[in-house]
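What follows is subunit A paired twice: with subunit B in the first complex and subunit C in the second.
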Partner chain A sequence: MKTMTIQLRTGTMMNMDCNVAIKLTDAALDKGYDVRIFGYGEGVWLIKAGQEPKRFPNVGEEAKKLVETGKVEVTVCNTCTTARGFRRGEEIQGMKIGSLTNDLSRFVAESDRMVTIAR
Partner chain B sequence: MANSVLVLITKPPYGLEEAFAGSRLALGMVSSGNVGKCNLLLVGDGTLNAVATQNPEIIGMPSNMEALQDMTDMEFKVYCVKQDLDERAPGASVLNFVEMVDWEKARKIIDEHQMVTTF
Partner chain C sequence: MQSKLFLLFKSPHEFTGLDLIEKMSGGSKRGVILFEDAAYYAIDPNKGKKLLEAGKEVFVMKDDLAARGFAGKAMAGFKEIDYHEAVDLIMERFDQTITL
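Showing the complex of A and B:
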């Protein structure tokens, strides 16, 4: 099984980076990859529950559908969520507030490829 | 599966989150024990992170020098492209644990790592 890690470092609404991460994940699944997304810095907002963009894609909901395939894992940095007042229990079900040391390092060690999406 | 990661820092030490975030990410990788080799390469404006006379207390920011020092305590290498630093801060004193390299060596360092993530 091939695995790809996406390191996402931008937030949900200011540009299309999260949308790109979602589409890239979808494409990677089609090519037989399992995908790990790690949100760092502003990238943590991807897993915030209750997103309600009026005219734009709801990337949180789209990420949730990908996680439900069982082939995608989404985790974000706990230091980054704490700094932003994003508390445990506010994440979308099936996604996780984790850590660089335990989770991103594991994702990298398990992956064949890593893509960084940032500005 | 990846066993070596290079963190490439292209941004200056203060005014943007990237340099601090990148050095912390590298530290997390090293301390996890999941990734066999993780090093850091400063290029472009990122070479300003190697300047020894940083005084972040004046602007109330955390010190990038300390983050880099923490990494070298764990057998982690910090490389800096000399040409890029000379163009930005000619004659600047450099942190004593930073290894200055030319672009030819920098290309080899990039090539020696299985994954590269850019900040």
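Showing the complex of A and C:
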């Protein structure tokens, strides 16, 4: 089965980029593809637990549902989380604070297509 | 030569690098998907025409046009698509995606 990797570099409350990542993932799953999402820079906020946006979609909750299918893996950059005071244990269950060198490189190696969502 | 699918997210007033599409394609098959504020290309006669010349096949997300009050209003030459069609373009119809 083919795999799509999405490199997400935009934060959750900046615009609709995270929502685009979620919708693309959802559609890719519907069509039978596996998906990997790697959050880099502001993109790490996708996996922060306890998000309660008043007007924006709750992309953390939506990403959690996608991960629970077992066909989506979400990992973010640990250097980026540390720089933002986002500590281990604060991530949504089922998602991971990982690394560019171990995780993004593996995602790229295992993927058929890579999509970058960035500003 | 690998075919290339360009993803645009910024409005025509913010992004001014359309020439990159032709330069980076190098004569290969190319297409463009417009997400978010880039959807405004599809209703802007001047900038839209330039994008059609550069991108050849230009797709615009239906959701993003509708969210901005332009549902079904894309100019001739722009194809309105949903997320399933976007996934087909990314995974099957083009070899590579490039975000500008």
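By our rule, the second predicted complex is superposed on the first by the 119 of 119 C-alpha atoms of A that agree within 3 Å, B and C clash if a C-alpha of one lies under 4 Å from a C-alpha of the other, contacts with A are read in each partner's own complex, and residues count from 1 in each chain.
One rule holds in what follows: contacts are C-beta pairs under 8 Å (C-beta built on N, C-alpha and C of every residue); 3 or more make two chains touch, one makes a residue touch a chain.
Given the structure is predicted, the values throughout are model-derived calculations rather than measurements.
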item	value
Partner chain in contact with A:K23 - subunit B first, subunit C second, else both or neither	second
Partner chain(s) touched by A:N102 [first = subunit B, second = subunit C, both, neither]	first
Which of subunit B and subunit C A:M4 touches, first, second, both or neither	second
Which superposed partner A:N58 touches (first subunit B, second subunit C, both, neither)	neither
Which of subunit B and subunit C A:G41 touches, first, second, both or neither	first
Touching partner for A:T69 - first (subunit B), second (subunit C), both, neither	neither
Partner chain(s) touched by A:T116 [first = subunit B, second = subunit C, both, neither]	both
Interface residues of subunit A shared between complexes with subunit B and subunit C	112-114, 116, 118
Touch list for subunit C against partner subunit A, complex	7, 9-10, 35-36, 63, 82-84, 86-88, 90-91, 96-97, 99
Contact set on subunit A toward subunit B in their complex	7, 9, 40-41, 79, 99-102, 104-106, 108-114, 116, 118
Complex contact set, residues of subunit A against subunit C	2, 4, 15-17, 20, 23-24, 26-28, 30-31, 33, 112-119
Subunit B residues within the subunit A interface of the complex	1-3, 5, 17-18, 21, 24-25, 28-29, 31-35, 115, 117-119
